[in-house]
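Below are two complexes that have chain A in common, paired first with chain B and then with chain C.
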Partner chain A sequence: MKTIWKVTLLLGIAAILVLFALGLNNDPRMIPSPLVNRPAPDFATTDLDGKPISLAEHRGKWVLVNFWGSWCSSCVSEHPYLLELARKTRSRSDFVILGVDFRDTEQGAKMFLARNGNPGYRHATDPEQKIAIDWGVYGAPESYLVDPTGRIRLKQTGPLYAGWFEQVALPLLQESTTPTGTPQAGKP
Partner chain B sequence: MKNRLLLMLLAVCVGMLWFAPAAFSVARDEDPTEALVRKIAKDLRCAVCQNQSVYESNADLAKDMLLIIRDKVRAGEDEAKIRDYFFQRYGDYIYLKPTGEGKNKILWLAPFLGLLIGVAGLWTAISRWRRPRTDTAENAATPLTPEVRERIQKELDQIQV
Partner chain C sequence: MWIEIGHFAAITAFLLAITQTGTALVGVTLTRPVWVRVSRRATFATFALLTLAGGTLVAAFLGHDFSVRYVAEHSSLELPLFYLATAVWGGHEGSLLLWAWLLSLFNAIAVWRYWATHARSIPWILAILGGLLAGFLTLILFLSSPFDRLFPAPANGQDLNPLLQDPGMVFHPPFLYIGYVGFAIPYAFAMAALITGQAGEEWILATRRWTLFAWIALTIGIVFGGYWAYYELGWGGYWAWDPVENASFMPWLTATAFLHSVMVQERRGLFKTWNLFLIITTFALSLLGTFLVRSGVLSSVHAFASDPGRGVYILIFMSVLLFFSFGVLVLRAELLRAEIHLESPLSKESAFLFNNLLLVVGALTVLLGTLYPLAVETLSTAKVSVGAPYYNRVFIPIMLGILLLMGIAPLIAWRRTPLARLRRDFPLPILLGIVGLLVALWQQVSHPYGVATAALIFFVIGTHGLDVVRGVRARLAAGTRQTGTQTGTTSPLTALWQLLTRNKRRYGGMTVHIGIVVMSAGFIGSGLFQQELDLFLSPGDSVQLGDWKLTLEAVGKAAKYNWTAVEATVRAERQGETVILKPQKRSYGKRSQPTTEAAIHSTWREDVYVVMGDPVKENTWNFRIYRNPLVAWIWWGTGLIALGVAFAMMQGRRNT
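So, the complex of A and B:
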């Protein structure tokens, strides 16, 4: 076999192996959300106290929408950070947190908050996970950061982690309200 | 008489085989709405169970997606619009069968490209095998020098037939 063919064959095999190695690092559970940098689907439902709640009423502020459920074990591990984040950002007038308790019962959600601590922000109820599916959610917890114009700027799949706000959200909050595209957040 | 009986039996059997699917099919009286729901749900992937359709999966998410599909079909939305609703939220991952657009073209074309390269390689190899071996440099006939020719002749002369 001529040398050029041997080199071509080796390069071909090497290219396939490199692609294979890159593919091994992909997390099959991480599905990129096409909703990032697009308008957030609005929702209007009731909160855990039975009062009306919608996303639109927070237009003009950055909104962290956190999808969770009392059935979700990862939400338990995320909860201490949400308690801390709610406490830290309570004084901010440009940022609010909204919970969306999906595929859950009101009683289950209230028991979860009583057991693990109530961060103090409001939670929309979504027993048939219609809001969750409308937002492209496929697991819990998942969080979306919505900018003041109502556009989703990033999605966090899995629990929010210590330092997430400072590392990921704050740089976005500090830029102008007419930003350009932003990559999705991943685990640190 | 016996042959006629056998023939009648055969006719009855063939008739039963012919009409059985129509008579016993579960889907014969299926509501057209439900048929469309099934068609759409079978093409959509259950996002939490890797390789099962929304229709086949028992996951809670898949069940709720099925309810949404049913609501949309009953509301009169067409198949393309419902498929697009899920595509806009989950991307083309939601389709069990990859679409032939964008980067997916590579998925569809790569096997044919590989086949083409394979056939070309095989063609080259076969044509090389079929070529006479004298074509190769090492086997090419070297012109005989007068010395060699004389030596061959001598050796031939020594042979007594």
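So, the complex of A and C:
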């Protein structure tokens, strides 16, 4: 075996191990977004059925904006939770889910929903990634929680996980649905 | 009480594994055979103790002892008996224990079999295997113990993940682990050969059957995984290039390369260093496959819950093992310089060389595709996923190359092949290949890879068939000469039988090749001709798919064991043939996520595959219906491969 091969072999192994070592510290969910607590960039485009859709039309409700694409394999693992979440929150009047299908074709997206189940909420199409760029999306899936006044309250990088709604979103929802308007307005 | 005994047994086994390594090393460095004998005893004791430890865990499952945390998390009172025992490997802790138990079993067998015949290497083998086992037991005992108690004990467990309650999942992990762990023995032999400086043919001859055994177990394990995905996940496919699937596929590729290249070393004394490199790599990749799932480094459908301490330990363990193994290889490689060189590019040696190159490059492309998302994620903040398009693009051409070589293999000779022989042997198979090409075009295969695969399949069958026919003829002619009569006493069938049984390795190997060809046909059939319908059906609705007419007759309820389901009754008709298919949407009560149970009507030509989706409105459901041509060929091909390997394993050492 030539020296060059020996060195290559050992360096290659070292490189893989270093990669793993660095990978251990990865927590993909912990990327701060400068957009948190800032107004969410509005968008107006068409949904997967070609009907117009915008963020502004949901003002007054909490909106979970989920960025995804049929090319994204982590979205497949996230999908069962979205199905469950959509079913659980269907009856809530203060909360909607919107998908943003970016860098994707309509056909691909429909195929994805057919394969993995259709959660039933609407999806804005963003083939040119305009919305994704406005919102500072790094990859898929990423989700943003927008409050009724249109501000982004938090960002989840990577798949949503079982219990996310109850542990992370619900406290925010409850804190603001406790009446803030009338009683306080009456006080001097 | 019992589980504490099991825990204690495992701790004792851990101490004995360390003893095994320690005493073997002392024995060999001070040349005190009595120390090595202690090491041998320790091996057997370790196996007995780990069997006891595993037994108590199985007993805890069978007895519904929910005060054991692992049982509470992976079982329930309602779990059927069949899945109760297998739930033992349904989670991270238990599956690691299975790994360790298998390793101790193989250790014991190896020491028992090779104690007398391999006296020089056995101390090193004992030391290496003991160290490996101790490393695993550290992970089990200190970082992921299945023996922990849970206070207060719950009245019922959380149930086994419903996706795992499937026969495919019962067999998938054990077979995979037998494969992974099986490579530990040839690996230990290779390391011992390097350390003692006796890296001749001895270790290869000794471990030939081990390697074959591990290889076939790995093959079956991988296919069971695909079978499970096909039947249980309900996405109509069997392979998704998921990082963990890849992790089992990489050692398979390098092990396949190893199986071929050892023949060159056996016959011609070439590729010595390369073989050591291959077996070390295979075992390292096996470990990587086991660990990748558990370290939390990669996200995958297979991922177990991750834990940072565990990840760090696994990383340290891998680093020690990799640097030790490859370090020794690099330091001792000088011993192995071969005096012989390839004589001609038209020889078996060089065909094997190319086969090895393709397989190793294949393994590298899979490794790259698996690690790339991790690298991107670590070095930048983006998240990418590498999926089927990448693998289809880079991997299929490599597989085509391998198929081509597989076709050439039986007809070329060692050292050099006379051109006249090539001219005599190849026209017929090539003609068959062209027939295959025409058949593909006639069947409207439009994808170039599909056409190429079809042609190569015919070509491989041609060369393999020709080889057998030649052999039978030669044997008949010899028989006639011997008896001296024109009538001849041997029938072609006897001649065939003699031919096959005289060289079981060769014809076993050729059977494996045919198995691969059958599987390849399945891959093109299902990969290029899958038809898919996604639609809403109400009872009474009919739909046409291929020549099948499918009618949704009714939707009702079904229940068994621990699940309830919405069950559809679908009648599929084709030219007087009627089948009833019953796809289900199952709920396992405790876990809210329902699972799909695809209903499949499987024939040699195609599978009709029906999956029931969610209700869309009153009395209307979403259905996905696939026509998957030739899927059954994949399972049959695997059966042929298993037969071929069993046949090849029946032959002991070569006498010449």
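Rule of thumb we're sticking to: the second predicted complex is superposed on the first by the 145 of 188 C-alpha atoms of A that agree within 3 Å, B and C clash if a C-alpha of one lies under 4 Å from a C-alpha of the other, contacts with A are read in each partner's own complex, and residues count from 1 in each chain.
The rule is simple: a residue touches a chain if its C-beta (ideal position, glycine included) is under 8 Å from a C-beta of that chain, and two chains touch if they have at least 3 such contacts.
Note that the structure is a prediction, hence the values are computed from the model and not measured.
A.B. asks: For chain A, which side has the bigger count of touched residues, chain B or chain C?
C.D. replies: So, of the two partners, C touches more residues of chain A.
A.B. asks: For A:R103, is the partner it touches chain B (first), chain C (second), both, or none of the two (neither)?
C.D. replies: First partner only, chain B.
A.B. asks: Applying the document's definition of touch, where does A:Q129 land relative to chain B and chain C: first, second, both, or neither?
C.D. replies: Once the two structures are laid over each other on A, A:Q129 reaches chain B alone.
A.B. asks: Please indicate which partner A:G139 is in contact with in the superposed arrangement: first for chain B, second for chain C, both, or neither.
C.D. replies: both
A.B. asks: Examine A:I4 and indicate which partner it touches, taking first as chain B and second as chain C; both and neither are also allowed.
C.D. replies: neither
A.B. asks: With both complexes overlaid on chain A, does A:L35 touch chain B (first), chain C (second), both or neither?
C.D. replies: Only chain B; A:L35 stays clear of chain C.
A.B. asks: Between chain B and chain C, which residues of chain A are contacted by each of them?
C.D. replies: In the superposed arrangement, which is not itself an observed complex, chain A uses residues 28, 31, 138-139 for both chain B and chain C.
A.B. asks: Applying the document's contact rule, which stretches of chain B touch chain A when the two form their complex?
C.D. replies: The contact residues of chain B facing chain A are 47-48, 50, 60-61, 64-65, 67-68, 87-91, 93.
A.B. asks: Which residues of chain C touch chain A once you look at their complex with the stated criterion?
C.D. replies: Within the complex, chain C touches chain A at residues 235, 240, 242, 273, 295-299, 301, 308, 311-312, 315, 318-319, 322-323, 326-327, 329-330, 333-334, 371, 374-375, 377-379, 381-385, 387, 534, 592-593, 613-614, 622, 624.
A.B. asks: Flag every residue of chain A that touches chain C in the complex, lowest number first.
C.D. replies: So the residues of chain A in touch with chain C come to 1, 6, 9-10, 13, 16-17, 19-24, 26, 28, 31, 71-74, 77, 80, 83-84, 111, 114-118, 138-140, 157-159.
A.B. asks: With touch defined as at the start, can you tell me which chain A residues reach chain B in the complex?
C.D. replies: On the chain A side, the touching residues are 28, 31-35, 103, 128-130, 133-136, 138-139.
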